[in-house]
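Multiple structures follow.
Each of the two complexes below includes subunit A, the first together with subunit B, the second together with subunit C.
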Partner chain A sequence: MNQVGTDAKSLKQVRMLFGNQQFLLLLVWFAMVAFFTAFNSIFFSMAVFGNILLDWAPVVLIALGQTFVIISGGIDLSVGSTVGLSGVVAAFQMQHMMTNGDNQWLAIAVGTLVAALVGIAVGLVNGFLITKTKVVPFIATLVTMGAAAGLAIVYSGGAPVGGGPDKAIELSVPWFGPFSTPGLIVVGIVIICGLFLHLARFGRYTYAIGSNEFAARTAGINVNRHYLKVYALSGLLAGLAGMFFYCRLGSGAPTSGYGGELDAIAAVVIGGAALTGGIGRISGTVLGALILTTTTSGLIIIGVAPDWKQVVVAILIAAAVLLQGNKNGSRGGSK
Partner chain B sequence: MSAPLYEVRNVSKKYGSVVALDGADFQINAGEIVGLVGDNGAGKSTLVKILSGAHKPTSGEIFLDGVSQGWDSPRDAIEAGVETLYQDSGLAPHLTVSANVFLGREKYVAGPFGKLGFLDNKAMHKEAHKDLERVGIAVPESNRSVSQLSGGQRQAVAIGRAVSWASKVIILDEPTNHLGARQAGEVLQVMKAARAKGLGVVFISHTLPHVLDVSDRIVVLRLGKIVANAPTSEFDAEKLLGTITGLNTL
Partner chain C sequence: MFSLRKVLTAAISAGVIGALITGTAVAPAQAAAKKKIAFVMGAESDPFFQAMKVGAEAAAAANNVELIWQGDPSEYSPATQIPVVDQVLAMNPDALVLIPTDPTALQASVTKAHNAGIPVINVDTRVNDLTNVLSFITGDNADGGAKAADALAKAIKYKAGKTYQVVVGLTSATATTNVARLDGFTKRLAAKYPGIKIKDKAYSQSSPAKANTNVSNWLTKYPNLAGIFAIDGTNAAGAAAAIQAKGLKGKIALVGYDAYKTNVDLIAKGIFTALVAQDPAAEAKLAIESLVKYFNTGSATGITKEVVIPNVVLSKTSTAAALKKYTYVQK
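Up next is the complex of A and B:
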């Protein structure tokens, strides 16, 4: 890793891969790791990194969806509640299959599918509200946020739903370095999202719509259909995050995703995306989420109350936004 | 005389009780620039939206190459070869020049990845550059983002995009707005190039000297009705202004 700082050519390549702001984030993350390690050397261990990655995976899952949504010029406040709802519904399904004596792996597979479908359903409701009833994304997803959270509580009776396959918890044990199987799947999803955002038509239209919706419409793009897809994707990833929490906790807790939407938005903004649309990168979101979760673990390990995390996150968001303001300012001023 | 390239017959458009367009007949031939002028609220934008497929007329007929058409969306019109550059629709500033030129008709890489929607940016960069050059627009680099271009360059790219894609008709709504004299001159040259290419060009503008300069024929709208339709040689600036405002009739 130290070579990065010394070899000018590979430095440039890393910079190209991440973009300038994302490159800065990478440096910030290295600095954080060095800082926490300096205070307590226990921080620099496989166990701690494994734990950070377990925290990181669900945050980055919903932040990925949020990245597409924010680049398209919208926002999705419903993802945190969707995590809880999908986890609860999947938990009941798996509980049912276990009492029927079904195979554990089959139950996990069906549970994952159910969680994904619940997420897609919430996302489609968001997309429908936004495209058909013309409610702004903030309000539309605020509505589904409340509805999904309420449904999760009512459906579960407010308590975590257990009685599912035991193998789910075993899945969360890291075996590949600091990665567990669900963690590796999340890495795969990150890569797929990156490819589709940056190299494929799906991403191109997402940027175009967030950049200038009217221009996208007059170019013949079916903008409404694209919004539906973007919000469905956000819901799908939130549903998978619900299943991730299930594997970690061994139960579907209705509150497992509380506040998740804010973490996701924070990760995306720290990652360099603009809430006005048209700007953002997957690499930024990945690093933004990593910085968030590293902060939490690091503060605990060096003995600072984790409540300070919010202050650190606030500073990071402010720094990211200032950086963006500077960039836009210099661009406007150059002409 | 053969049938016009693109034609609307007796089209009307009502928005509630407001009659925006009242029984208008409009034709455009291949290799012709028609200036469409009129005061604010005369019905120009409404006629443009009907021609581009964005709005359906309340009554009347549309013919392209003599074939009756009922556009359901701008996409239909675009696919039939009718391109429209809307006033201030502009480009997507965060995308590159070539991404904008190819927006909505991207090129894909060969093989299964192309089927998944993976883009062939290299080919698009190259072709965008060639397309823009062919219509007489010098663009610095097609892989630069549009936000780095000046207002005139952006407009040039937007027009170049429309001209290079249009196979039959191109509709330009106030293309010289907000442009300096030299840049406006370049836009007029692009329109002449489009005419030379055999396209029918509909030129909507408030800048009458530009209309008198490039148009072969001028159509004047007033209060939703077509009040004049004659070769440009029959107008001078004063007479044209008088026709628009209703002080004199042709």
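Up next is the complex of A and C:
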């Protein structure tokens, strides 16, 4: 009797483990690493993991913001364009400081601040449109997506903006295992966002609003102010991603974030968040972004046309959504 | 994944362009005597077209014609270009300069203009059938590819009998300029440098960040890589950053295309072995001048049907004046 009970209990634990999206994602990632390594052993090297992390950092940055937005029940389509705009504006600022003969590190610090401020500005416009003019997030951020992309091109004349500090590109060199300095900063931001979402009041409010906006309002949460904060956070992180691209390319390119919003949404959805709001975890987003960028590098290393990445990603999204549907279904049908 | 974005940007840009066109159509009514030349280019975000715009505006001012400059802000694609051409033709210009983003898809637009009695000139790229095209002015892309092969072979000190690994970064599999450059490059390698083997190709979809990812991974995958041919400006920018970040400056020959200012600056720093530069401003100038000639004489006599403007290879040995002359002008 007792024996049967423990068996059933451990069986249930195993089933729970496999029902856990993060655990499954980790398994998928290990399988991918094994698969790519089997085709070309060079894949399993510090250099390749360094490449993957270089791609991962900006994707995860904007995906973190997107996680908050999606959990709150919204969507932010403007982040890809914000990456380009903030990179260009920061690049002009740094170019200006270099022609003035300012210190390189000071220029990088000011550039980062400028990129962050541009991001926050776009985020606040989104928040304003959503809370004050009551435009749905999809349309509000669609508007800013177009406006930011256009401004980036007008402002830069289309060309990458260079002439900034040479040290920026040296920052992208990995020195701590596969991590570069901006990469380590991104890891720090991931941890902070995790604490904010899962342990702080900010996160509880986000879940509450995403689950039931009306109930959250009734419970005394200032919903509009919270939306404003969530979109500003998403913009801030996109601005920092713009600076990350600057460090990577040594110039601010208006097109550097193109498609970034869809990569971010894909990472969040693969990570197990529901577009209906109220569900999602930072760990899922981190793994979702890792899987996306591992696919890119892996396909290049094994010599498959990168166009296949889109197909692989599509399959992963479908699998993630199916898994979610099953979970919801079993919850509803449990006796 | 990509198409949603394209549809969205297309929707927005169509709206913006519509607004722009209605705006410009109302304003210059008093200058009705001036001939109007519509210029529909590929993508505003490409410095190549920015430089072309500078040349077109200067030539239009010098010849006292009105220039209607249009095109998609960022997408080099027939899906976004065809509606722009339709809008522009609705304004009844006296002539159309068209940079067709696809040789087949834009053929109908040329026919449409011709039937409306509007002379058409193709610049940079062309439609398949040039019957209704007054003149086709282009940089020689196949020649540019061949020159890139020569520059690469020289940089890696090519010796017959040895093998060398190179990779090529492209923007898309179908853009006519990419196809022609790669063709010229491949043919020249086969003819003169059979030891140089193209190991890999990938597409960046006009994103320097994607180009950077491709090249970063190639540098890991091929430890003995001798050289890289970056087929256009964005690929060149991405490849240059990857070589710098991996500390391989001077160890790997990098031949790029398009003289973006940021790329030309990297020649002196030893990142680019060579850059193949086109002269978009000269192409635009010739297009405007040919049309003015056509307006004055009313016939195609004296207008050359196909003009090829030669490419220039910029390298460390180029004079400062040459570097300055061929760097794509920006406003």
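Heads up, the rule we're going with is that the second predicted complex is superposed on the first by the 315 of 335 C-alpha atoms of A that agree within 3 Å, B and C clash if a C-alpha of one lies under 4 Å from a C-alpha of the other, contacts with A are read in each partner's own complex, and residues count from 1 in each chain.
Just so we're on the same page, a contact is a pair of C-beta atoms (placed from the backbone, for glycine too) under 8 Å apart; a residue touches a chain by one contact, two chains touch by 3 or more.
As the structure is a computational prediction, the values presented were derived from the model and not from experiment.
In the superposition on chain A, A:Gly210 makes contact with subunit B only, while subunit C stays out of contact range. Touch criterion met: A:Ala200 reaches subunit B, while subunit C stays clear of it. In the superposition on chain A, A:Leu25 contacts neither subunit B nor subunit C. With both structures placed on the common chain, the touch criterion links A:Ala116 to neither subunit B nor subunit C.
Touching more residues of subunit A than its counterpart among subunit B and subunit C is C.
Contacts of A:Tyr258 after superposition: subunit C is touched, whereas subunit B is not reached.
Look at A:Val313: by the touch rule set out above, it reaches subunit C but stays clear of subunit B. Of the two partner chains placed around the shared chain by superposition, subunit C is the only one that A:Ile301 touches, whereas subunit B remains out of contact.
Overlaid on A, the two complexes show subunit B and subunit C touching no common residue of subunit A.
The touching residues of subunit A, counted against subunit B in their complex, run 195-196, 199-202, 204, 207-208, 210-212, 214-222, 278-279, 331, 335.
Those residues of subunit B whose C-beta lies close enough to touch subunit A in the complex are 74-75, 78-79, 84, 86, 89-95, 99-100, 103-106, 108, 116-119, 147-148, 150. Those residues of subunit A that touch subunit C in the complex are listed here as 40, 42, 45, 47-48, 51, 54-55, 58, 77, 80, 142, 145-146, 149-150, 153, 157-163, 169-170, 172-173, 245, 248-251, 253-259, 261-263, 266, 296-297, 300-301, 303, 305-307, 310, 313-314. Taken in their complex, subunit C has these residues touching subunit A: 1-2, 4-5, 8-9, 12-13, 16, 43-47, 49-50, 73-74, 200, 202-203, 205-209, 212-214, 216-218, 220-221, 234, 237-238, 240-241, 244-247, 260-262, 265, 328, 330-331.
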